Amino acid sequence: MTKASAHLDTVVSDIADDMRARTERGDVATYIPELARVSPKHFGIAVITADGHVALGGDSDMPFSIQSVSKVFTLTLALGRYGDRLWRRVGREPSGSPFNSIVQLEREQGIPRNPFINAGAIAVTDMILSGHQPREALGEILSFMRFLADDPTISIDEAVAASEQRTGFRNAALANYMKSFGVLDNPVEMTLGVYFHQCAIAMSCKQLAMAGRFLAQSGRNPSTGLQVIQAERTRRINAVMLTCGHYDGSGEFAYRVGLPGKSGVGGGILAISPGEASIAVWSPGLDAAGNSHLGRIALETLSKRMDWSIFGA
Amino acid sequence: MTKASAHLDTVVSDIADDMRARTERGDVATYIPELARVSPKHFGIAVITADGHVALGGDSDMPFSIQSVSKVFTLTLALGRYGDRLWRRVGREPSGSPFNSIVQLEREQGIPRNPFINAGAIAVTDMILSGHQPREALGEILSFMRFLADDPTISIDEAVAASEQRTGFRNAALANYMKSFGVLDNPVEMTLGVYFHQCAIAMSCKQLAMAGRFLAQSGRNPSTGLQVIQAERTRRINAVMLTCGHYDGSGEFAYRVGLPGKSGVGGGILAISPGEASIAVWSPGLDAAGNSHLGRIALETLSKRMDWSIFGA
Amino acid sequence: MTKASAHLDTVVSDIADDMRARTERGDVATYIPELARVSPKHFGIAVITADGHVALGGDSDMPFSIQSVSKVFTLTLALGRYGDRLWRRVGREPSGSPFNSIVQLEREQGIPRNPFINAGAIAVTDMILSGHQPREALGEILSFMRFLADDPTISIDEAVAASEQRTGFRNAALANYMKSFGVLDNPVEMTLGVYFHQCAIAMSCKQLAMAGRFLAQSGRNPSTGLQVIQAERTRRINAVMLTCGHYDGSGEFAYRVGLPGKSGVGGGILAISPGEASIAVWSPGLDAAGNSHLGRIALETLSKRMDWSIFGA
Amino acid sequence: MTKASAHLDTVVSDIADDMRARTERGDVATYIPELARVSPKHFGIAVITADGHVALGGDSDMPFSIQSVSKVFTLTLALGRYGDRLWRRVGREPSGSPFNSIVQLEREQGIPRNPFINAGAIAVTDMILSGHQPREALGEILSFMRFLADDPTISIDEAVAASEQRTGFRNAALANYMKSFGVLDNPVEMTLGVYFHQCAIAMSCKQLAMAGRFLAQSGRNPSTGLQVIQAERTRRINAVMLTCGHYDGSGEFAYRVGLPGKSGVGGGILAISPGEASIAVWSPGLDAAGNSHLGRIALETLSKRMDWSIFGA
């Protein structure tokens, strides 16, 4: 083991110990009933470096609902298929608003500000769905995750998907609203069906960090050596993660952590140290902006101790 | 000269040639009468690397009104004096709004979203003014710029300051609005007087790139070896530049250029490649979001050809 | 015939002649495909005075889609059933926004500003639906219209209802949005089904003026002598019509016409001269705020010539 | 004395007794320091009928700061001078927002929604000021009030004006904001100077009811028989009072009281029963929307017992 890998192992282990001991852990999301059952006691971390070293800590093998972290992967899929035409349907500016805000859509004729707020992610999923049956589109998303993570066992938690489908009125509002402006091509129920299922994909920190490797390595999947997406597009996805990945807490995340990242209300965060590492953390308690409370703290410590901030030494 | 320096010289020279030839140059800002007189034909670029190499192109020695680029330096000054208490008066989230929007202030009780929109910069200037006469505060800002750029000739264009003072009603609205919420401590006219003068500082690309070096070098001023501000705060200023430095074009700038940067309506942009270089470009024509049209294109080319994006190779 | 009745007949006849001759007629609503087929050439007017005189002009017997005019009658029904508890679900302030705006809902936790914007009317319909099957609720609304107009032939235009059901994405967005805040009790599709059908009720000006008589006569239906609703509630419905009946054109309507009124995108307007008359006008061309262009002009003339403004002689 | 006058006297006397006894009286405005000193114990009422009967109750002769009630009179003055050209500078739709909101101005290019929110009243005062010195404009406004009230003793409370001038930052924000859009013609300080002084006019309920008589009598001043303003414009001023006179409590006031009215933060309300009476009430405690708490209740009782609602018997 290299000295750098050993240092990383120590840092990851320290973080896991620190997080286990903390009592202030945020609040578990309650608006999706199935998610509300998860214990806030969990914390997991997985770091996979460019040279293939894997550092794990805490509940790094326990699957959780990736929720909005899935938006990074559907954006990648859709960019691969549509290229820059994608940006006719969705912007790439921070919204300055919560994840489920509808106000901005009215001001901007139904075009979502970016692909990482719910409206934008629904629009991206609608593009993936076009020309397919919902089952096919979902199959494509799931296959993509398995391919990226090099793990065929990744699956969808149907209970979570069903729970969201029953209660996702706000997402239904967003989708219908965009539909009224002609921003969605497919029937609202079909697009939402795929969207709720992609959010319900269950992955562990280790699987998620595996899946994110291409973002740290100029678009290349190191398991296969295949180019998942062009290097330039990879940089750009990282840029959108940095500016928009944490809703109205994106500035705070950039300020404290200094890495591109995308959070989900299941408590997971995928973060990228370009050229260095793909990182996944998970802790179900959320802060006021809906991002994992301990996850953000863990990443702040990791970034500082590994000197990984993209904003300088 | 190193091979890297020679490559940089070529790239900078190519960019200057390319920009000189372009006909689509954006529109010069007209809302400050003195700025409206500047010819859109100008383009300048200056790059100063961490090892001290200086690459210049175009009108790199012609002074221009730095306008909002000054906000980076007043933020640095105020962070040095107040530390994290500064963030009680101003946020650090992207606003998703134009530079002079007042809407967000009403929703958030007079606290500006970040220090780079006008309201936020006025609040920062008000903090610098506290305990001083306007003349002293302005003297401190100017001395700081001269110290950073290692150039005692930098001065204020009084005609621009006077022009802005006569016509700056929107800034007066922002300042009075914040004053009504108790966010400003000093008389509105005094704070605005300092603010209008700091915006009217005239600098060339070369001077501006010199002044920005500490942001590329972990907070150290290489001329003197003195630490201008702690390394951690330097990273954080860069993070705020990345997420908020171009108003509602910040996402676009991050997406295309991939470097922290701050623009001004005079057509200047300061950009930072952490650990690598401090960069200033200038061209007076602006795009729809109020950022230099050619300046952004020049930085996009530079970042790509030098492989400087913070979002990966 | 009394002198007053003869004068009214002359005025109504003059108005019908004037409106027939006008060339600037506004634009027919296109967002509901079935409505887009109606010719802008139509104009009808019906005035029924407190002493029972009926003055008709133009296409006063031609049925049209009453659309949002139905909101007056569902509000009456729901107030009758729920009394002031109704105001927990919907406000009574002008919204200052277009009929289908969703922005205000986000700011105010899903509570619509008033019962005459779409969101508010959907919330009122949801209250009428509670405890019933959609078919029963719709039957109750239709029976109420027939009773008020003393005309059992009034019916629903199923083609219009179906057209709206297929394309009413914006209303589906509003309904889902309110549902996410718990403002609706019933399944969204059921509430919307009733709402789209109530809007598709087809009535002539004469039938509509008949149905509105109770609002001009302290809540009493003169056909039967029955009190439809208390006098005090009648005044209050008139007040809400005055302040909120024409969306973001309500101030303009009050300013020019000076009568409580409610418009629909089918081009109909019901207006009330308290103590004097119930008035219905219809012309399918709409102004920018979505209110009948000629209908408003006709009412302005009628109010002036009959000296009916509630704001003084 | 007629029977009607005797009935009115009884009603007014009952109301004064009732209001004196109430303990829930709202909160006195604190944002203007001079106003904060007034005791919430006061209540006054004055009703002047079309036939000249004067009914007084409580502190009907005690002067108070009329504040925004002055907006009715400056609107009248400006309409007399500019006619319908006035509406190019200010709208006549309810704003749906608090009295001092600036959000709407940004959306609508600096044009205030109506003349009764602060921004709109400042724009109207600016029109009165044009072509005059501030002292002359203020003299004209004061003379107009004295003429209407037939009382040369009405004057300005300079302490209140000075208090507001020192603390009126939000109004300064509104004025500067409009100035930035070119909506104001005069220097901001001059327009605000006149505005703060017009708001500081001190009048008793009796004087205010006297001044409002022309609005109840088709524009005629019964003291002199002179037509103050055309009958049609009088109706229209009443209409704007009904829809916009109580900020975001306008719908509530119309719903409960059913009369055009204009409130001020000094606790005064002028209300008009067209053809019947001019009414002034005063009690300094305010409700959440900034309107006199007891004043509104008193007017609701008066309107009901006198059967004066414009919305029907």
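Note that the chains are named A, B, C and D in the order they appear, and that numbering of residues resets to 1 at the start of each chain.
In this text, a residue touches a chain if its C-beta (ideal position, glycine included) is under 8 Å from a C-beta of that chain, and two chains touch if they have at least 3 such contacts.
Computed from a predicted model, the values in this text were never measured in an experiment.
> I want to confirm something about chain C and chain D. Since they are copies of the same sequence, is their interface symmetric in residue numbering (over half shared, so same) or not (under half, so different)?
same
> If you average the Cα atoms of chain A and of chain C to get two centres, how far apart are those centres in Å?
That gives a centre separation of 48 Å.
> Please work out the Cα centroid separation of chain C and chain D, and write it as a whole number of Å.
32
> For chain A versus chain D, what separation do you get between their C-alpha means, in angstrom?
56
> In graph terms, nodes being chains and edges touches, is this line, ring, star, complete or other?
Shape of the chain contacts: a ring, since each chain touches exactly two and the loop closes.
> For chain D, which residues count as touching chain C in their complex?
Within the complex, chain D touches chain C at residues 91-97, 104, 113-114, 215-216, 218, 231-232, 234-236, 238-240, 242-244, 248-252, 254-255, 258, 260, 272, 274-275, 304, 309-313.
> Would you tell me which residues of chain A are touching chain C in their complex?
On the chain A side, the touching residues are 101-103, 105-107, 169-170, 172-177, 179-180, 188.
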